[in-house]
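Sharing a structure with you now.
Read from first to last, the chains carry the letters A, B, C, D, E and F; within each, the first residue is number 1.
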Amino acid sequence: MKGITFQNVGDNVEQFLLIKQSTKGITNAGKPFLTLILQDRSGDIEAKLWDAGDEDEKRYHPQAIVKVTGDIHNYRGKNQLRIRQIRPATASDGVSIGEFIESAPVAKEDMLDQLTQYIFEMKNPTIQRLTRHLVKKHQKDFLEYPAATKNHHEFVSGLAYHVLSMLHIAKSITQLYPSLNKDLLYAGIILHDMGKVEELSGPVSTTYTLEGNLLGHITLMINEIGQAAKELDIQGEEVLLLQHMVLSHHGKAEWGSPKPPLIREAEILHYIDNLDAKMNMMDRVLKRTQPGEFTERVFALENRSLYKPTIYEENQES
Amino acid sequence: MKGITFQNVGDNVEQFLLIKQSTKGITNAGKPFLTLILQDRSGDIEAKLWDAGDEDEKRYHPQAIVKVTGDIHNYRGKNQLRIRQIRPATASDGVSIGEFIESAPVAKEDMLDQLTQYIFEMKNPTIQRLTRHLVKKHQKDFLEYPAATKNHHEFVSGLAYHVLSMLHIAKSITQLYPSLNKDLLYAGIILHDMGKVEELSGPVSTTYTLEGNLLGHITLMINEIGQAAKELDIQGEEVLLLQHMVLSHHGKAEWGSPKPPLIREAEILHYIDNLDAKMNMMDRVLKRTQPGEFTERVFALENRSLYKPTIYEENQES
Amino acid sequence: MKGITFQNVGDNVEQFLLIKQSTKGITNAGKPFLTLILQDRSGDIEAKLWDAGDEDEKRYHPQAIVKVTGDIHNYRGKNQLRIRQIRPATASDGVSIGEFIESAPVAKEDMLDQLTQYIFEMKNPTIQRLTRHLVKKHQKDFLEYPAATKNHHEFVSGLAYHVLSMLHIAKSITQLYPSLNKDLLYAGIILHDMGKVEELSGPVSTTYTLEGNLLGHITLMINEIGQAAKELDIQGEEVLLLQHMVLSHHGKAEWGSPKPPLIREAEILHYIDNLDAKMNMMDRVLKRTQPGEFTERVFALENRSLYKPTIYEENQES
Amino acid sequence: MKGITFQNVGDNVEQFLLIKQSTKGITNAGKPFLTLILQDRSGDIEAKLWDAGDEDEKRYHPQAIVKVTGDIHNYRGKNQLRIRQIRPATASDGVSIGEFIESAPVAKEDMLDQLTQYIFEMKNPTIQRLTRHLVKKHQKDFLEYPAATKNHHEFVSGLAYHVLSMLHIAKSITQLYPSLNKDLLYAGIILHDMGKVEELSGPVSTTYTLEGNLLGHITLMINEIGQAAKELDIQGEEVLLLQHMVLSHHGKAEWGSPKPPLIREAEILHYIDNLDAKMNMMDRVLKRTQPGEFTERVFALENRSLYKPTIYEENQES
Amino acid sequence: MKGITFQNVGDNVEQFLLIKQSTKGITNAGKPFLTLILQDRSGDIEAKLWDAGDEDEKRYHPQAIVKVTGDIHNYRGKNQLRIRQIRPATASDGVSIGEFIESAPVAKEDMLDQLTQYIFEMKNPTIQRLTRHLVKKHQKDFLEYPAATKNHHEFVSGLAYHVLSMLHIAKSITQLYPSLNKDLLYAGIILHDMGKVEELSGPVSTTYTLEGNLLGHITLMINEIGQAAKELDIQGEEVLLLQHMVLSHHGKAEWGSPKPPLIREAEILHYIDNLDAKMNMMDRVLKRTQPGEFTERVFALENRSLYKPTIYEENQES
Amino acid sequence: MKGITFQNVGDNVEQFLLIKQSTKGITNAGKPFLTLILQDRSGDIEAKLWDAGDEDEKRYHPQAIVKVTGDIHNYRGKNQLRIRQIRPATASDGVSIGEFIESAPVAKEDMLDQLTQYIFEMKNPTIQRLTRHLVKKHQKDFLEYPAATKNHHEFVSGLAYHVLSMLHIAKSITQLYPSLNKDLLYAGIILHDMGKVEELSGPVSTTYTLEGNLLGHITLMINEIGQAAKELDIQGEEVLLLQHMVLSHHGKAEWGSPKPPLIREAEILHYIDNLDAKMNMMDRVLKRTQPGEFTERVFALENRSLYKPTIYEENQES
């Protein structure tokens, strides 16, 4: 069965979906209705439930699973699901929330193994100890949180998945440019977004915490590194360098880094971060686009509308 | 005797001066010479010592006091001191370094008293305790450091003097706008630039430390607040709010604050900081300007050249 | 009774309101309706009157007072008033327009007294005469106009109220910084926005005049000062300095001041203007926000959403 | 004889020149010298007079005419005149200042005639009267002042010459686009820079007046128009429209116009002003450049270095 | 009969119109409807066709002509046509598509004659040959395409009409400034936007081609010039200069020209292009505005709302 | 022997150097001298040759090799070589120009082999044919030209070396992100800067050609691709896609790409280009810096001064 975001206008739909959001409204004629955002792993779609009474409002709340029959139509340039029938899922349906939530394509355990391996390869004991300490401290959240609330890697375990992709690139690049210090670069990558576990509310229905709003993940993480160094009684340039890498990884003051990268590894960290984020954004939007067509405009890609060439070979992932 | 920066072209000079900087050079004709920056409390002036041998280089080092006879001439639009005679000061001259260094016009003890009074007026015990703890920890440096290496309050005790001027304004403003929380505003002002004691090297010949270059005073201070809270075992919104005030006091990302002010008191702190800094810059440059004239261009004032009106009344400070 | 903007979703409403705006519309189904903006002193709210015939259109015109029964619901993230019953107010209801319009919290006579006192304190006779002349000429409008059509002090007598708040700050600041010329600063504050009485249409339902659109209040006021000087046969630097203060009070070319502040008092005028405007904006939006919550985004505050701390003490205005 | 700016490196020079600027300096070896800026109608050149005593300083003052023998050499990428012999001109030399100062290529009387003709063609009596009044009031200065202190039309009578070039273009353009109001456009062109007669100090050695610095020519001219309307007892939209055209002729706030052009004729005025200024700048710099070469960088042309094609035909002015 | 865009709210309409766009929609209540964009030569207007079945969808397709009876009402600040009756035009109605499409006010043959004359006047044989060759190659499209899809000259033959207006201005300007090379300027104008015939899809319902999206008309045209030179076996600076003029005609990198104008004629081409485009935009929007009123905001005119003076004389086109 | 740029102040120097530039000057005292820029493979240094007569000027011309004895001193913050003895190299010295010119650390033949291998791996025959054709056409220059005149890879064979580094990164990245089309990315990298062989004058003493100045390497290369396609009689999307990749590789209009990257591979090409250029810049400046020190400010790195950590391990290249 095709995911809900891959359905085309006119397609008939009959499937289970998870309610992501439910908002009550009133028609011009004064009748109540519900605007539902329904999701499966492929993404989400809007649907209207007309003449929805108080009962319906209670029944169709966020995190509820529903079975829906209907078809896809186009409303102001976006697909909508027109509901013909809807009912809450029951125990006998045998469906669970996990089936409807997107998460990283690699298992948490595997990601942890890989991460451990990268830390193991470090030669500078201070950097290694500090990194291991912080990964251990935040291990559970680090493996479950998304990398952002939207734009890129905004799925369960997106943070760890993003970090591992970056580490793989870093491995190649340090081989090509031997002047780079591998320990600094690996540790910087592992720590750069770890503050997200304090900035964001959790792996699903993610919002910003008060700390996140008032300080942000960069500042939160620098505090964490400072505290870790204190607890481990570590002194030396390493602590300062890692704090600097986290501080500068957005690249410019206007992008949120009060200091620009001032060491080689910080500059490269910034590049790798961008490269992996952009690849993720582009892949997602191109996946939903036919060869020979342009994608919708993507705000986080400077509002560009990308083209999907027709020449992509058969055996290429798209 | 007029200070060295108030001498005009053609004036004869015979006075003691402190060597701030001494750089060796070679004339086009291959002869060695020294470029000396000489200062008294009014500021500094450049002078050339021609045909300066190795002996001279040793004798005329930074922090040495010299007696100079010469006159003022203009070189490329700036005043220079042409040296006719120069000799190192001797014990019998009875001059000491302190006489040549500018410092705040209020004694350190008095500033500490005033500061203590402002802390005493706070009603929120958490804010009070945290502020008192940090003032105590950095007391000596806080009372001696400049507020910056150039532009404004760049003199001994300039940091404390700047903070106290801001507190005086804050006192008036909280009376006029009772919706402001006085405790937050006072504490924010006291802490906002305290990170300078780690960012800068010391009260004289001030440069940036490695921490200052790689992290900056804002980040350093947020760490300090976090650590202080930990040591005092303080939790609660107050810690977060004070960290936010320090973080946001430059007002915008492109000016070095990754988060803009998000609470009322943070916004007002930003305004008061600017107001006091600008007053200090303007006063200094206008002091050296005659009524009816324009000042030199001042880079930190958006490269403006200010006008000094002729109508200023007699009894007005200028 | 709570003001209309303090009602929550679900609240029942039965009160008199003033129609601020009335616009005819057609439903998708071709039926006419009215969109009403209804206001009391707390602010305004939108309401739809369905199936509104020509009679209704005539009856429910701007400036009419109506009695409305209904309840509050949420439409696209904003509160709306759902009308159950509506009727025009009659003479016997004993309500008048003044009750529904917000105005400054200080009486016009009191503001005039305070203003007169500030002018009285001036020592420079030229500045004093010019200021007194212009205040007298525009006295009635100056005491009744708002300071803007939106964003800050957009209420009856907002202009004079804004000017007086600024004068109070100026008084404190000139005491703290004696190098400032009090006469220039006071006069600059009093005159800086006086051109609004020509730029804007009047104290209520305020729009821009043709002069306002094509020249703006700054240019209009500089003309006024020039003309006043001519009528009073005043010459001298004072006229030029006051014109410059008005010209430069927006601070930068891109904000509408072709010359930046070039005298100390003009710079400080710009700061005080900003400080008072921002305080007014922040107070208004925070008043409608619960402690521990963020406000809606405010465009004129660089689109920020401010946080209202939970620690505000009981006896603090919020 | 070639003008001084057309001499090449190595050329011998023997001619009369006017001293535009004279500045005393001191060599590294402590010897006094004079830096002279010497000019004829083609432009100016720098020269050093070594070992210049007090006598020389008095003798070689600005506005003095001198006879110089020497040759051209290159110093840091710019031509300099190396002086071999120099003496002040005497009465018997029969030279006068006017011979060394550049001025518009059309006589003042002819420009006045043309200007009168354009005013004569206006059909709207209010616009015509106002324009005639202001031209009459400032006639002498208007015909003698430069259009700027540098960049374009910075020569005697440059202002009137610039205005007439613009009027000629306006004549063509109003024929091609009959929707344009000729009276507004002509009057706007004539008045747009007339405030320069108050902003600038005079036709030669031009600097900014205090009014020019604090208010600028745009604001000064709007005052003039307002006052003229008052004196002539003129009311009506015409006054406002002309003030708007002057106010908006720099096109954008950041270029000094607080209001952008809001009427068609104001927009076109802005374009014509730019076109004529750019043509003047380009012609001057290309005149000194050989075909197939690039010009020096010109700051006012966005720092471009223009190319002079080799294909320009013989009979084309270059 | 007034054109459809000149009808006012409340006017009854009974006329033939061309369907420019037809989009199916679903009301909140689940009923299908069509949103039609209907046009005549004066422009277009939106209309809703309620309860539109599949039959209607087929009948009312783009490029179909319909007879409509209805009236004008206002929906969210824009005029809409409320349809009372609608039917497809039949053969017996005797109407054809050409009657509903705006095109240049000059016949294609006349434009070609004028163009030929301008090319004939060129003296440089290389420039003339190259220009003639390219005009000939694209003659049909060049005479039929619009100059853009929106903003200015977005009508049939708009491209040629824009080019001819520019040539007329160029003729005047080369007379006023004889230093300009007429051949370069004329050829640059003729070629500057010729790449639009590859960038755009055709004279009506114009969209961007894939080449247009990925390369743009500037790059496409430079290729064309290069190829033409190759075919004609032309070498020399002329080819390079014309390519440069096309490349730089947007004036700045951020406006799409990787090189700014580096020859005098390129700079002037840029100015003339802007002037004619702006005149076209302003004339169109002012035509629909009453004297004494402001126009709607126009995005391509920096979002300005222009004023139409009341003083325009009777015999002036508006 | 240490390269000339690695000498410290005070070091004695006795070595052969190549004259890169020779400029005649005149001292203040009127004596002629030569400013020589002398280079070896490590970079260049300035030196003054005092009292240099016409003979010296002829003898010490660019491209001449000289033997110099002298020492290093500091002049205005930069190292200078003070010449004690200098003489032209003679045949018996056995030195040749090649010894003094920096070039890529890989031999041209090896680079060509690698390049051929990358082309060999392409699967799309059109892309492969087009790329091979263009490499063949420009093979000699492509293997010898620098990648730029300054900032990065500004040495002999820098262009090919830069391209190969990029290809190596691309190889890794296409393995990590299988959605990328390897053929497009490889071909885009190989062609992206190939236009430099027309934009620049040659492998040494590199300047811009007229084509380079007026059109730039991007436009020149798009022409080349178009022409190659014509010659090979190739049609299809591939040509357009490769032209787009070259066109967009600077990433943004203000950086010289009129179209931003609109296909995934173009975006990644832009990133890889930046990454390799930045690595090259950083490596060069850090090589000349001691651990624990900051580098000089580098304009092309946003004027940053980079820090070289002290923790770099022994066996790490720096």
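Keep this in mind: contacts are C-beta pairs under 8 Å (C-beta built on N, C-alpha and C of every residue); 3 or more make two chains touch, one makes a residue touch a chain.
Just so we're on the same page, UniProt names per chain: A, B, C, D, E, F = 3'-5' exoribonuclease.
Here the structure is a predicted model, which is why all the values come from computation and not from measurement.
Trainee: Between B-C, A-E or A-B, which shows the same interface as E-F, counting it as a repeat when over half of the contact pairs match?
Mentor: Residue-number overlap above half with E-F among B-C, A-E or A-B: A-B.
Trainee: What chain is the most remote from chain C, judged by the mean position of CA atoms in each chain?
Mentor: It is F whose centre lies farthest from that of chain C.
Trainee: What is the chain whose Cα centre is as far as it gets from that of chain D?
Mentor: Max centre-to-centre separation from chain D belongs to A.
Trainee: Need the CA-centroid distance for the pair chain A / chain D, whole Å please.
Mentor: Comparing mean C-alpha positions, chain D is 61 Å from chain A.
Trainee: Taking each chain's centre as the mean of its CA atoms, how far is chain A from chain C in angstrom?
Mentor: Between these chains, centre-to-centre, one finds 44 Å.
Trainee: Two or more other chains in contact with one residue: find those residues in chain D.
Mentor: 28, 210, 213-214, 237, 241, 262, 294, 307
Trainee: Testing understanding: with touching defined as stated, what is the shape of the graph linking the protein chains, line, ring, star, complete or other?
Mentor: other
Trainee: Under the stated touch criterion, can you name all the chain pairs that qualify?
Mentor: Taking the chains two at a time, the touching pairs are A-B, A-C, A-E, A-F, B-C, B-D, B-F, C-D, C-E, D-E, D-F, E-F.
Trainee: Applying the document's contact rule, which stretches of chain D touch chain F when the two form their complex?
Mentor: Going by the criterion above, the answer is residues 27-28, 33, 48, 50, 73-75, 82, 294, 307.
Trainee: Of all residues in chain B, which touch chain A in the complex?
Mentor: Residues of chain B touching chain A: 210-211, 213-216, 218-219, 222-223, 226-227, 230, 237, 240-241, 243-244, 247, 253-259, 262.
Trainee: Please give the residue numbers of chain D that touch chain B in the complex, ascending.
Mentor: 24-26, 28-30, 210, 213-214
Trainee: Within their complex, state which residues of chain C touch chain B.
Mentor: 123-124, 165, 168-169, 172-173, 176-179, 181, 184, 236-238, 241, 260-264, 267-268, 271, 274-275, 278-279, 282-283, 286, 302, 304-313, 316-318
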